[in-house]
Amino acid sequence: MNHIVSVSNVSKNYNLGQVVVPALRGVSLDVAEGEFLAIAGPSGSGKTTLLNLVGCVDTPSAGTVTVDGKQTGQLSERDLTRLRLHTIGFIFQSFNLVSVLSVLQNVELPLLLQRALSARERRERVLALLDRVGIREYSKHRPSELSGGQRQRVAIARALVTRPKLVLADEPTANLDSVTGTNILNLMKELNQSEKTTFIFSTHDARVWAYASAVVRLADGQVQDRVSAEEAVRAGGLPTGRPV
Amino acid sequence: MPRSRFLTVLALVLSLLAPRMAAALGKAELVDLLKSVDERQRNQGDWRDLVYIEQKEKDKVDVAYEALVFRRSQDQKFIILFTKPKASQGQGYLRIDKNLWFYDPSVGKWERRTERERIGGTNSRRSDFDESRLAEEYEPEDLGQEKLGAYTAQVVKLTGKPEIDLAFPVIKLWVDKETKNVLKRQEFALSGRLLRTSYYPRWKKVYSESKKTDVWYPEEMRFYDEVEKANSTLILVKSVDMRPLEPNLFTKAWLESKSR
Amino acid sequence: MRGYLDTLKVIALIALRNLFASRLKTLIVGGIILFGSLLVVVGTALVDSVDASMSRSVIGSVAGHIQVYSSKSKDELTVMGGMNMESPDLTPIDDFAALRRTLLGVPNVKAVVPMGLSSAIVTAGNTVDVVLERLRDLARRRLAGEDVQAAYESEKDHVRQIIKVLSADMDNVRKIQNEKAISQDDLAAAAKAASEELWAGFDRDPYPALEFLENRIAPLASDADMLFLRYLGTDGDAFAKSFDRMKIVDGTAIPRGQRGFLFSKWVYEQQVKLKTALRLDRINDGISKRSKTIARSEELQRWIKQNVTEVKEIMLQLDGQKTASFRRLLQGELGSQQSDVAKLLSEFFRVDDANFAHRYRFFYDKLAPQLELYRVRVGDMLTIKSFTRSGYVQSVKLRVYGTFVFEGLEDSHIAGELNLMDMVSFRELYGSLTPERAREVQEIKTMAGMKEVSREQAEAELFGKPDLGETAPIGRAGDEAEAVLRSLAGRQQREDRASQPYDPAQLEQGDVLNAAVIVKDPRRISRTIKDIEAAGAKAGIPLRAITWQKASGLVGQFVTMIRAVLYISVLIIFAVALVIINNALVMATLERMPEIGTLRAIGAQRRFLLGMLLVEALAVGVLFGSLGALLGAGIVGVIGAAGIPASNDILYFLFSGPRLHPSLSPANVIISLAIVLAVSAISSIYPGLLAMRVSPRQAMQSDD
């Protein structure tokens, strides 16, 4: 089984002035291709830090993070950026769309950064994707003219437009009402199934776990356990203290 | 009593000052002093001498002239006629009444000049070559006594009388107490700016038939320019002759004739 | 790279949308840039035009393209605009012919004009002096048997008329002030001058009477005037050929091989013309050219007042016949019964806006023809006295051949202050120190036994021990004087030398102080300067060559100065712009941290962000910069069509005429845009660095 992500004994410390705050302490985690993995844990448990490391926007203080076969600690800033552009898609909690661009332009942006496709190809791919996430009719609109769910759909389209191997979603439903959140999760799951894209998302919302292929529970910067979605749901989201 | 003590102190101070005050000269005495300075140099007749003038200026070559000076006491007429160098030969100044004329034979032209004219471009004036007429031209004022090398000098401030065209409106004069010869002069502009310091170190006497006594004249005059500090002028007087001159000498026609 | 353009499009899109989103800020920044670029365009266009017109003025009048002088000179050469009286101290170049040969050997050199610059004060004497001098001359010629009887009688009559005027004047003063305002001596002198016995013997023996009049009467007139003349010694033909703006106004050019003097028309008008006439001209100028009115201009009123009170200058010019003629003319004109011509003149000059034009014409049509409008007339002899380089006084007498102007610069003081003289006379007045002269000075000093005493040592050395006063040996100055006077007698009077021609070859052979070089291609001046100095070194004539800008002294530096002021203001404006744009961009960056973080997270490289900010800054710069440049071009166009009037003398020279018509060159706009772009680019550096430091983690909003 191929691991798209492999986190091995990783620690991450943040320097806050004189004080060193450990955010992750000896975390190891392997993610297989095609997984729909949830990372759960209360605030301050290290979810976002782990996501940052996996998403190549940060490098570990100790241990190794391997993404798509590349050890991120050994890559330059440029290479990390390139890795993000070509291999990873991001979905953010507050959507993070470029407000001055239209929906279409927002989604097209990563393709432009890749500079691989012609204008026509880009357009076709973007429109197809917008169709797929159900907001094609809004392609000319500005993000500010859309609802929260629609915006997150735009964000999902943007994350998938480069056909990344890995999509990272940081609390994707936190800013959405429950119905919309469910729709978004359905969409993501659907895409995960159809495109075989690996999804990793952080969440502390127990409802989300139901969609996951597995749930990794974090507490105090350490992995508590890795359980199936059912187990996680049954446990009510509380780490059980059982070893992985 | 404080009041009487004050008066005592005042008296004491006054008595200390007394010798000075006693020595201070009255107006009449000062005028007499000037008159005797003039008188020693006066000739009461005709006069001619040969002068050499040298002008030194910063960053420039020296200028030197030989010239003849003619003067007549009775109507205060005066001529200076340059004889050397060649280029200046025949140029001259003529003073008649209150007029000072400059003549250049190369163009045959008379030019009206003032008493401030620098003779031949040097820092000397017409009055430096002429008879001393200080009592007539200036009002004196006592400035006390001063030592000047081996001499004791009476120092007098002279202020020009109004309506007289003078080279220098204010003069500070050092007169030798013994001989009444002028030793030193400082000449000022009306603004009080020092223009020139002059020294008269050597006095000579000649017997004058017309005056029936000796006439004194400074054989050497040194002028230090106080505006252009590097500049100085030297005048040497030689060969004084007091035989009568031609009656029509002090005319334009005569000076013109000397270069025709 | 097909994607580049699209990327750029996105960058531009984001940038422009951002600008639009913060419109107010953009407008403020843009406004500053607009003003800056407008200033650059208008400012540089104006300065360039002044530069061009001034260079025409300077090159076309005396400077030529290049001035050449000896590199051994102590001072630097300036041919015009020198504010001080002294001319620069230059070491003469001995052989002009060799210099000319050397210079003409340099490729770009077209013509060489020899020059020398100096100045002199010419004391003209007062009006009475001038008249008496003429009478003396006529009397001498009459006695020598020349046929000048008519002129002699007329001049004699004139003198007697002058005496009447002066006497009347004295009476007047006594009446207005008090009895003692005029001394008894002067009254007696005036009475004697008017007496019959003085004039009875005049024809037989005029000299005693003349001396009396010259010494006792002439000083009473006390209107002596001095002319301060700056003159250029040159080869008149070569000068006229090389400086073709020069035009003769009155008289003729100095004929080849003749000694002579040409007045600059400006100097001639300002300094030589009858003061009353000059003031009338100025009033006329004020009214016709500067639209002033007598009623409102204090300046004009002052001139009128001077004309009213200072009629003596005219009165002294009138002999009996002219006095009668003036009385008749003025009585007719004024409809007056007054018989006193002085009072009539005062009345005549008391003009107002209604009658000025008429009286101005009347003055020139009826009165002026009987007056000497100029103290020195064309054809007269002018005596110039100067101190030579060797320190002595040297005079030359020159015929005034005429007056000249530089076309287009007629009213300019700067172009008009130089008069012209033949080079041979110039050399005489300049009188370089020759070895003979130096030897002569040394001989005099040795003969006199001169000894130097320093100022510091003077008192100690001179008054160290008392001098008892010796008796001088019997003087023989009389005999020496006789000998000296004998040597003077027979010395040829050089009075008529002025009319003797000189061999034109003399022009070539003698020394010159400097030379003007006219080049074929003015764009290669700096190259030619190097070539000239090299050629000089090779020929053994150490030369310094300078551009016309340098040679024109303060005038030449004027444009440099304006340019400096302009550039400094531009610098300040753009420094402010830089700070403001920078601040705006920094604020925008800080506001957009999450967006920038997002862009970084989804794979935008740092340079993408840098590009984004750059485009943002450049867009504002280009848009408002072009707008400013366009507006500036429009303003220059409007000014260019209307022209800027030269309101004063200096501007007249700088504008090379009465109006400056500035024109726009592409360089003005290009410079403006280049500056704007540079400033925009520079101002985006810091916010760019800031943006580059934004971590992609910024995109993740979750706690941690």
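A few points about this structure:
The letters A, B and C name the chains in turn, as written, and every chain counts its residues from 1.
Here is the rule we use: a residue touches a chain if its C-beta (ideal position, glycine included) is under 8 Å from a C-beta of that chain, and two chains touch if they have at least 3 such contacts.
Since we're looking at a predicted model, the values are computed, not measured.
Chain C has the Cα centre that lies closest to the mean of all protein Cα atoms in view. Ranked by C-beta contact pairs, the top pair of chains is B-C. Centres computed as Cα averages put chain A at a distance of 112 Å from chain B. Centroids built from CA atoms put chain C at 83 Å from chain A. Inter-chain centre distance (chain B to chain C, centres taken as mean C-alpha positions): 41 Å.
Per the touch definition, chain B reaches chain C in the complex via residues 48-50, 52, 54-57, 59-66, 68, 70, 81, 83-91, 96-99, 104-113, 120-121, 148-151, 179, 181, 183-184, 197, 199, 201-207, 214, 216-217, 219, 222, 224, 229, 232, 234, 236, 238-243, 251-253, 257-260. The residues of chain C lying in touch with chain B in their complex are 74, 123, 125-126, 129, 133, 136, 207, 210-211, 214-216, 218-219, 224, 383, 385, 387-388, 390-397, 431, 433, 437-438, 440-441, 444-445, 447-450, 452-453, 455, 458-460, 462-467, 469-472, 474-481, 484-485, 487-491, 493-495, 497-498. The touching residues of chain C, counted against chain A in their complex, run 1-4, 6-7, 10, 13-14, 17-18, 20-21, 594-595, 597-606, 608, 695-697, 699-704.
In the complex of the two chains, the chain A residues touching chain C come out as 23, 43-44, 46-49, 51-52, 55, 57-58, 77-78, 81-82, 84-86, 89-90, 92-94, 96, 98-101, 105, 108-110, 112-119, 122, 158-159, 162, 170-171, 202.
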